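This is the structure, below, for whatever I ask next.
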Amino acid sequence: MIIVLRREATDDDVKAVVERLKSIGCEAHVSVGQTRTVIGAIGDRELIQQLPWEAMSGVEKAVPVLKPFKFVSRDFQSEDTIIEVRGVPIGDPGLCVVIAGPCAVESRDQLFRTAEAVKKAGARVLRGDAFKPRTSPYAFQGLAEAGLQLLAEAREEFDLPFVAEVLDPRDVDLVASYADILRVGTRNMSNFTLLQEVGRQPKPVQLKRGFTATLEEWLNAAEYIFKEGNHQVIMVERGIRTFDTAARNTLDVTAVPLLKQMSHLPVIVDPSHSGGRRELVLPLARAGVAAGADGIMVDVHPTPDTALVDGAQALLPSEFTELVVQVKRVAEAVDRTV
Amino acid sequence: MIIVLRREATDDDVKAVVERLKSIGCEAHVSVGQTRTVIGAIGDRELIQQLPWEAMSGVEKAVPVLKPFKFVSRDFQSEDTIIEVRGVPIGDPGLCVVIAGPCAVESRDQLFRTAEAVKKAGARVLRGDAFKPRTSPYAFQGLAEAGLQLLAEAREEFDLPFVAEVLDPRDVDLVASYADILRVGTRNMSNFTLLQEVGRQPKPVQLKRGFTATLEEWLNAAEYIFKEGNHQVIMVERGIRTFDTAARNTLDVTAVPLLKQMSHLPVIVDPSHSGGRRELVLPLARAGVAAGADGIMVDVHPTPDTALVDGAQALLPSEFTELVVQVKRVAEAVDRTV
Amino acid sequence: MIIVLRREATDDDVKAVVERLKSIGCEAHVSVGQTRTVIGAIGDRELIQQLPWEAMSGVEKAVPVLKPFKFVSRDFQSEDTIIEVRGVPIGDPGLCVVIAGPCAVESRDQLFRTAEAVKKAGARVLRGDAFKPRTSPYAFQGLAEAGLQLLAEAREEFDLPFVAEVLDPRDVDLVASYADILRVGTRNMSNFTLLQEVGRQPKPVQLKRGFTATLEEWLNAAEYIFKEGNHQVIMVERGIRTFDTAARNTLDVTAVPLLKQMSHLPVIVDPSHSGGRRELVLPLARAGVAAGADGIMVDVHPTPDTALVDGAQALLPSEFTELVVQVKRVAEAVDRTV
Amino acid sequence: MIIVLRREATDDDVKAVVERLKSIGCEAHVSVGQTRTVIGAIGDRELIQQLPWEAMSGVEKAVPVLKPFKFVSRDFQSEDTIIEVRGVPIGDPGLCVVIAGPCAVESRDQLFRTAEAVKKAGARVLRGDAFKPRTSPYAFQGLAEAGLQLLAEAREEFDLPFVAEVLDPRDVDLVASYADILRVGTRNMSNFTLLQEVGRQPKPVQLKRGFTATLEEWLNAAEYIFKEGNHQVIMVERGIRTFDTAARNTLDVTAVPLLKQMSHLPVIVDPSHSGGRRELVLPLARAGVAAGADGIMVDVHPTPDTALVDGAQALLPSEFTELVVQVKRVAEAVDRTV
């Protein structure tokens, strides 16, 4: 931690900060500049970060040198985390995993038609939600356990592990008893109760980025899961909120190499929820893979214009088949297979 | 809903939209312009808003005319909602309610010293949290039920109703059994599970705005609570995320008159969490009241530089006493008492 | 400047940074922590800030301790700057200056009717633009010199100094030959050519904040003007871009006390362009004054629904008269007269 | 234009809007819904867009159906614009143009070493600026005409057309007399004076996106140039401002397919200024090309750690050579050559 004093700070202010550091067993390096005194705090990171330095007299600001997260950082583990899900290695630097399926499970027919098509096109993991967080309380909220049962049947029928969202800490065991991967959605990235609960069960967890979360906040959320003992976290970039309204959100491809540098966790890109429009899915999927993502997650629906959730972004099965062909070419250009 | 077709839309595309509207019992007004056809959809708002118009062939965009929320809107209830909490009328246009206390309850001594001081200075409601959502999993998370017990004791001792945050849907009954008002925090504004749970119990609910939530998203969150039967919702503006880093967040005073126009709910301003710095609390409190807020909520701590949470923004009791004097003057200038 | 090295930085990397600092006559304070080495650079601020530290091997980031601006900072001048314009002291801590008039000058009749009304209501400075920057090239761009002539006539007729925008560095002399105060608009805050040109003439300059400018960027823009010799700069907060769309922009009242702390320059608030809607002008004007602004600038038009620019936000003369009455009450509550 | 009335609007309010539309020769389609009346305005787009509908009594909002720009839209010209610069076809769907060179021209040696290297590696256009807009007035501002002369010499020596920034409308003729392409930078995207001036000369213009500009605002800026008669505009996406601070800006790859859909203009991506860090240039360049960009523009410097501007993002010539090899692979995967 670097503690910058105000111009008008007194010697007593400096002394008080130094004493406070010593009192917690840390060292203080004092640098007196022309207009500001700066104190470097050296010692136990967590102890130092928790004290209210900016509340002390004469302190202008406290700038952390280290990140607040630990287990999820490259500093802690230098090799890539690879998460095996029924034989699919997510995070393998030679593979670009394709995850696909309907946004929400609506019926057996809708799910099975989609699952069959995405399996045939090359997807390795099925997506499909039974619990949907909706901005309006009047919108369709999902089939709940009945949806999970259909997903489990589709897994057997088409040999596809599946990922499903969990919204409520009380549903974690239920979803974990069916799904191969749990998902914590964008709106729940800072729902620490839910993060702790998914951290206490053994299934891998997809963690979507909050609408305007910084990478540091996102990795802090992953740290919550790690701290409870679950080290299988998959980061999902799904577009951030920016001022342009032509697309629903803005895919942050810069986050992909940055996360790879800051952390050892796998990173997946979701071009469907990012763009929110069918014609953007292919260019965004290509861009995400070119930026170094370990995979993509794509919404597919047999009849998008009757979809109960997010129809505008769902690809038809035939469009998805073509997407996989095109994404494979880009993946190969960055030394990955699909 | 206004449905705008693409320039290249065909007559069949237009016909399909019109048919779809008729099939759900709605009317379609077709306007053919020089380069675009526009279809006005007239009928049941919720039915219309749930269909995926933008997934239909030839549709460029669908622009809602009405807001997605209903019960919380001025359209639904034109008179102001006033929420009585142990005799304190929150939302009364003649009153500016002062809520104050420590950010987190740390000890009996810390809480009681603060409660005594804020009561004496003129606060009508006590704040103090027993459950804290922290960005880092390594930070202090609150005293839990022991904190609620201390708050309940302070209520009796100083005759101050209190508000406390709830983080976990499983704790709603516990918090509601002690607190006079529950709070849903910024990070949980879109935690729909928690919103539904606080909507199913009878205590009033403070709903803080998400870091980058639009007013419409915030009112949708309030609608979640209303829909479950709890109509006592207090909106709390606590600063939004913007690009400047000189203060922690940016108090959005424009939200105050806008919410008053769009909704009938009381609006409180939190100058402490907005600015994140002690010297900003007074100017922001004054600005919030001048903009028309029904009250303010302020962090006070007897020894901010030992505070376990947010010490940099906490006022000393003596500073708070002066703040109430100054805020009272501004309140009177906009025809409110404190 | 604090230079933080990467975890994997070598001793040679550290040595290279230290040598580089010595080579420009500066000192290096090296602190070796558990996982990072940090180097404090002490010496000539401008020399240090211009070197590309982050391009050096092993450097993770360089964190400035001091602000890049100098003359406009409180560090440089501790007393408030007060700018006298024909007897009106802008920046006087006891005064809240009211500036009012039409957004754009459209005709002699429109201007004179407005000027007469605002003078009578208590305005001390007239606003009115002859050059308008418009997002669309097809919109009305102003009356140019003819507009300035009308403004100069209105000044004599109603004894009101006036402020007018300048867009083009080639027009600076022209505008300065008529106006009492020049304005650099939001879209030109980073037009350094224009900033330099207004810095080379003697009239005071209003500098509007860019749509998403940080306070530091805004003060850097003021520094451009200062550096050319003109020390009469008035900062105008006019709302920033945020995600909500219910108002045009979001008035940043936190900027008022922050600017007052960081700088010695006067700060004016523009509630008309912030909100973009007539009914928001009063609450935003009150909030700005309560936050500590040295004045407000308000759009007034005799017939807003025929206005060629920004009619939706213009007050009628009668509404403006009432606004001054109300704003005066708030100003008095913060120890200012109007 | 769709004009939505307030719930409390009267019949007279509706009549007034309809009359106003008729008075300018337009038609009004009135749709009376359950809670709102909506009026569709049909007729001359520019006339309708300029009237202050939202200032009229009873009007809640006016929603434009058409974009405010015209000549730059796909509606106006359906085929792609291809701009030939000394034989290099920018905007050709089969080509990914590589533009490279130093951010700022510092010396003959620095420029020539860089130009030689980028030519050899496969660049088709040279970049290098003689006028630099700097946030701080104390930073290096460029070599001015001497820099342009060096660029012109390098063009002859290495057979590379070059692009250079222009900051001041008074310098447009000067820069145009040397450069093959002019650039309007990010900070000047809304400097309408400069846009008009570059629109009145015959050289192609690169138009960088403003830090937080919407696509519509950016295309409006291009329209300013078009309207003056210059139809050779190249859009340059260079990263937008978002909340994350790990990189300098956030490359908006979604803008690439969106611009291609909304407009016929070429789109170039600048991975160097987006990321601001050397190690991000390759992944961002790949992502931009994969998203469909017509080319990339990359900063190269023989000795980045002595660079006077933006050293942290400049590639070494050897790194650039490898970048071209890698980008070529991705370009081929989307059917382009380099």
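Order of writing sets the chain letters: A, B, C and D. Residues in each chain are counted from 1.
Convention: contacts are C-beta pairs under 8 Å (C-beta built on N, C-alpha and C of every residue); 3 or more make two chains touch, one makes a residue touch a chain.
All of these numbers come straight from a predicted model, not from anything done at the bench.
Undergrad: Return the chains common to the contact lists of subunit B and subunit D.
TA: In this structure, the chains that contact subunit D and also subunit B are A, C.
Undergrad: Taking only the C-alpha atoms, how many degrees of rotation bring subunit B onto subunit C, rounded to the nearest 5?
TA: Rotating subunit B by 180 degrees superposes it on subunit C.
Undergrad: If I list every residue number at the interface of subunit A and subunit D, are over half of them used by both copies, so same, or under half, so different?
TA: Counting which numbers both chains contribute, over half are shared, so the two copies meet through the same residues.
Undergrad: Which whole number of Å gives the spacing of the CA centres of subunit A and subunit D?
TA: Going by mean C-alpha positions, subunit A sits 31 Å from subunit D.
Undergrad: As a quick test, compute the distance in whole Å between the mean CA positions of subunit A and subunit B.
TA: Centre-to-centre distance between subunit A and subunit B: 26 Å.
Undergrad: Do you know which subunit B residues sit against two or more other chains?
TA: 212, 241, 243 - these are the residues of subunit B that touch more than one other chain.
Undergrad: Of all residues in subunit B, which touch subunit A in the complex?
TA: Subunit B reaches subunit A through residues 46, 49-50, 52, 54-57, 68-69, 133-140, 167-170, 187-188, 190-194, 211-212, 217, 220, 223-224, 227, 241, 277-278, 304-308, 310-312, 314.
Undergrad: Okay, in this complex, where on subunit C does subunit B touch?
TA: For subunit C paired with subunit B, touching residues are 212-216, 239-240, 242-247, 250-258, 261-262, 274-275, 279-280, 283-284, 286-292, 326, 329-330, 332-334.
Undergrad: Taking the touch rule as given, give the residues of subunit A at its contact with subunit C in the complex, in rising order.
TA: By the definition above, subunit A touches subunit C via 2, 4, 7, 29, 31-36, 38, 40, 42-43, 45, 63, 65-66, 75, 241, 243.
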